[in-house]
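Presented sequentially are two complexes of chain A, the first with chain B as partner and the second with chain C.
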Partner chain A sequence: MKIEDISKKTGQLVRIEPEDLMPLPYPYDDPANDPVMKEVTQDQKDRYEASLDGILAIGIPKPASREEEERLVRQFLSGLEKLLSQENNWTFLQPLLHSLDYCVKCQICNDSCPAYIASGKKEIYRPTYRPEILRRIINKYIKKRGGLLSRLTGSDIELNWTLVARLAELAYRCTICRKCAQVCPLGVDNGLISHEIRKIFSQEMGIAPRELHEMGTVQQLKAGSSTGITPKALGNIVEFMEEELEEKTGKKIKIPVDKEGADILLIHNAGEFLSWPENTEAFAIIFDAAGISWTLASDLVGYDAVNYGVWYDDIQLARIAVKHAEIARKLKVKKINVGECGHAHKAMIVVADRVLTGELNVPRESAIPILADLVLRDRIRLDPGRNDFPVTLHDPCNMVRLMGIVEPQRQILRKICLQFREMEPRGVDNYCCGGGSGFAIMQSMNFPDWRSAVSGRIKLKQVLDAFRDVISPDIRKYVCAPCSNCKGQFRDLFNYYNVNEKCGIFYGGLVELVVNAMVDVEKPFIDWEWH
Partner chain B sequence: MAKVTLGGMEIEIDEDGFIQEPDKWNKEVAEDLAKVEQAYPMGEDHWKLVNYLRDYYLKYEIAPPIRMLVKQTGIDLKTIYQLFPGGPAKGACKVAGLPKPTGCV
Partner chain C sequence: MNVFLAILTYFSYIFIVAAYGAKIVKYLRLPTHLRWELYPVIHEEKYQYGGSYYEHLDWWTRVRTKNHARGIAYLLKEYFILGDYLKNYASYWLALYPWHIGFILIITFHILCFFGALAMVLGVNVSAGSPDASGSVLYYAILLTGVISFVTGAIGSAGLFIKRMLDRNLRVYASLLTFFIYIFTLVVFVSGFYSWYFVDPDLAEYREFWVGLITLHFIHVEPATAAHIVLFDLFLIYLPFTRSLHYVTRFFVFFLIRWDDEPNVRGSELEKRLLDLFDQKTTWSAPHIHTGKKWSEQ
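Moving on to the complex of A and B:
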């Protein structure tokens, strides 16, 4: 397959066959038993652009006419021009230009890409394939360096609707885990290029996965959370969590909401409230036991740390980041701490630095180092004997590779888990869970199958390898994933491969393990049925 | 988005079969959705779950936390999966006429 094939109207460009996929270890070593990836229906193929690989992440409606196609191509080009201008892309222009200009195509990044390796090295998923398309379009249609020379040097490309539609889907086959950037000797960030392509489609053409935009950032700004939780619903859920806390600990533990002047405004990913409330409850138990001054916020957006804008749209990102900072100012807290959510770490703590200036530049930190501090200084009484089962640790890309929060979670686990073991590779060299950059919440049509069978495949292999010696389903094992998004991906990945039943592997967050080891909490906190 | 006939009515559904017009939901619509979800015929426990989800949704405009659903109905998670093979979110919520769950859930 060549770069220019992306423009060819030849039907589906790539087909993923089960026998192409990277082999998995026992008990998944027989490819014949690999679940069959769902095909989209013929009706969906007729209505949506599915000619990349038959997978639908966005589901772009097919244009009604030739004129419509041409209009969309012109829009794409106009968006690309803006992407290359300081005025319109002051946020990311410098790393974008660096990545476009400095790649020497040494391909050293290839083996770091979870989708590329797991797919059996499909050319379209190669981390350098997507950027090269963009580079060629820029050279020919913006810098006008095309013509005879590019045809002779084999760097030609034809910009048409087929290319544009495929490129949009292709921008959603990269989890933006940035492991490719980690290994690049020149600091080229091909993950960033996926992000920048997504921006063209969202900001200029109004094209983005429904889960990220309409039901994501738009819903968060309007209803308060991408989950749809309104302030009223939050009140009900907090009440429910307090009841649970009393049942589990035998103590009345208050979850403070809107407490002015608290030291810490703790913001969780609101998905925790609905799917993993034991995580938010565990934070409450730990902070209560350690006497920390903290609060949740109930203002719109203030109780949901997520900012899906970080995956596809700078404008939406800025709108949400500003809300978070304003609420912290209103509550007069000393700082914001982000709970176990990797993308919120990236959006609120790192990227928002480009937006939050002056009074809005509220201190924003991860909650993980606080936890390490409490555990290591014995601010809470712990008995590691209560966590006497095999535990491994998944490193969320944004927390670990991007921000360098590598040791605190390990210091905790070494102290409170008797059978902690690392997976390989780990730390900043980790592999993505396969659900990064919005994938874990993109639940429509056949995309969930792709992210289990392809982008999550290498993570499944890592987990199975880490538990190789205790793989029997009779031994309960725990993958600690301190990130809501990664947890959602593990849940779906484990269901897809029936990992729970076949291997006895469960998943959950970090604070649950801490509370499970707390001497003052009489009953075991981890309720295996829920992991 | 496509239109299908559920409970004798034309109702718009999304690509994954969740109804887009929650006001049109009734018992017959639920039963037709249950057929798609391999949750038919619906017994007492099916209705207990569906009615709880429905009532919570009308009050709070979202589905409740799954733990709350289990606690309030007294039906454990394993049984929910037996009753609705699609699970509480993709199965039971769909039959109850709720929109597809969104966000990091």
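Moving on to the complex of A and C:
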């Protein structure tokens, strides 16, 4: 397959066959038993642009006419020009230009890409493929290099709607885990280029996966949370959690909401409230036991740490980050603590650091160091014997490789889990769970199958390898994933491969393990119920 | 011919300095960007496992120290070893390494030629049996860097040409120009080797040519030497049109992007720069964006 084939109207560019996929260890070592990825229906093919790899992440409706196609191509070019301008893209121009100008195509990054490796090295998933397409479009249509020079530099490409539609989908086949960037000796960041391509589509053309934009950032800013939880619904959820806490601990634990002047404003990924309330409850148990002054916020956006803008749209990113900071100021808290959500860590603490100025620059930190402090300094009473089962740790890319929080979570696990074992590679060299950059919440058509079978495949292999000596389903095992989106991905990945039933592997957060080890909590906190 | 060689040489050196300089200035003038670092960040205290200051409770209350020397040492080591390639792509490294060493040494060789010529103008005898120690050091340094660069550069150029041709992984994104560069550099290095081996084994003529450039008394050189000079000059002129500036930008990109973990502090210089950037108008035109308004008004 040649690079310029992306413009050719030849039907589906790439087909993913089960036998191409990277082999998995026992009990998934027979490819014939691999679940079959759903194909898009003929009706979906007729309505949406599915000619890249037959997978639909965005589901771009087919333009009604040739004029419409041409208009969209012009819009794309206009967005590309803006992406290369200081006033429109000061946010990432310097790193972008470096990555566009200095890649020598040595392909050293290839083997670090989970999607490329797991797919059996499909050309379109090669980390250098997207950037090369973008580079060629820029050379030919922005810098107007053509003719002989174009042929000599191998930069010929035809910009048409087929290419634009495929490129939009292709930007959502990279989890932006940036493992490829980490191994590049020249500092080229192909993950960033996926991010920047997404921005053209969102910020200029209004094209983005529905789960990230309409149901994501737009809904969060309007209704308060990307989950749809409103401030009123939050009140009900808090009541429900307090009741559950009493049932589980026998104690009346108050979850403070909008407590002015608290030391900590704790912001969770609101997905926790709906899918894993035990995580938010565990925080309440720990903070209550340690006598920490903390609060949740009930203002719009203030109870949902997510900021999907970090994956596809700088302006949405900034709007949400400002909201978080304004709420912290209003409550006069000393600092914001981000719960177990990797991308919220990265967005709120790191990327938005240069968005929040003056009074909005409220101190922000991860909840992991405070948990480590409480555990390591024995501020809560713990019995590691209660966690006498195999545990491994998944490193969320956003929190670890992109932020450098590596050891505190390990210190906690070493202290409270008798059978803690690492997966390999680990720490800053980890592999993405396969649900990064929004994938975990994207449920469009057959995309969930792709992220289980392809982008999450290496992570599944890592987990199985970590537990290979105890793989029997009779032995309960725990993958600790201190990140909501990673947990969402593990849930779907393990469901897809029936991992819980076949191997007895369960997933959950870090605080659940801490509370499970707490002497003052009589009943085991982890119930091993699959959900 | 003498004058032509001299003018071409002056021009090529001025051109490469100006072209590289302009590119570097342009790059450095780009606006401050949002943070996008990757760990390990080498100047951090916990760089060995990739830890950051965010591992500390109330990190903003701690005094942060940065070990920039470690970053510089890391990058310099990478320049001379190309350890990332050795670790992750050894077969490519086998060709890439001699090529890079060829470049580094041929540049060193020319710098030494200039200083050797300068020493000669100042009356130092630059030769193997020079009574002046500096003269014999310069003589051997010039000879060794020159010859080693010609040999390693030629091996690397040929090696990379073959590697790119045979390795599908590398060939797939290679262009005609990629192969042209390998052939061109091969010719440059081989011409240097030929000139040294067959015409100028002490590189005395080469030093004399440089003396002429300094004193403006341009000398006649043998055709083989002249050919190498022309080819090397053309190589210098061509370099700014390639990705070769990564030798320099690599420093910037590591310090300004990959390792840029500088937090924004109220009232800081960084904050002032950011406030100026927020004042710019944006023309993104998707429906959810207030087109034409400032970033701060979004």
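Descriptive notes on the structure:
Methods note: the second predicted complex is superposed on the first by the 527 of 531 C-alpha atoms of A that agree within 3 Å, B and C clash if a C-alpha of one lies under 4 Å from a C-alpha of the other, contacts with A are read in each partner's own complex, and residues count from 1 in each chain.
Rule of thumb we're sticking to: a residue touches a chain if its C-beta (ideal position, glycine included) is under 8 Å from a C-beta of that chain, and two chains touch if they have at least 3 such contacts.
Fair warning: this is a prediction, and the values are worked out from it, not measured in the lab.
Contacts of A:V400 after superposition on the shared chain: chain C is touched, whereas chain B is not. When the two complexes are superposed, the chain touching more residues of chain A, out of chain B and chain C, is C.
When the two structures are aligned on the shared chain, A:T227 is found in touch with chain B, with no touch to chain C. In the superposition on chain A, contact is made by A:M445 with chain B only, not with chain C. In the superposition on chain A, contact of A:H98 is made with chain C only, not with chain B. By the document's definition of touching, neither partner reaches A:C180: not chain B, not chain C. Legend: residue contacts after superposition of the two complexes on their common chain; A:K82 is shown touching chain C, with no touch to chain B.
By the touch criterion defined above, A:E244 lies against chain B but remains apart from chain C after alignment on the C-alpha atoms of chain A. Touch criterion met: A:N236 reaches chain B, while chain C stays clear of it.
In the superposed pair of complexes, A:L356 makes contact with chain C only, with no contact to chain B. Overlap of the chain B and chain C interfaces on chain A comprises no residues. The touching residues of chain B, counted against chain A in their complex, run 2, 14-16, 60-68, 76-78, 90, 99-105. Interface residues of chain A facing chain C in the complex, by the touch rule stated above, are 3, 78-79, 82, 86-88, 90-95, 97-98, 101-108, 110-111, 123, 128, 132, 151-155, 178, 181-187, 189, 192, 202-206, 213, 218, 314-316, 318-319, 335, 349-358, 361, 363, 365-366, 368-370, 372-373, 400-408, 427-428. Those residues of chain C lying in contact with chain A across their complex are 27, 30-41, 44, 46, 49-60, 78, 82, 84-85, 88-89, 92, 96, 169-170, 172-178, 180, 243, 245-246, 249-250, 252-254, 256-258, 261, 263-266, 270-271, 274-275, 277-278, 280-289, 295, 298. Here chain A touches chain B in the complex through residues 43-44, 59, 211, 215-216, 219, 223, 225-230, 232-233, 236-237, 240, 244, 269-275, 277-278, 304, 306, 341, 440-441, 443-445, 484-485, 488, 529-530, going by the rule given at the top.
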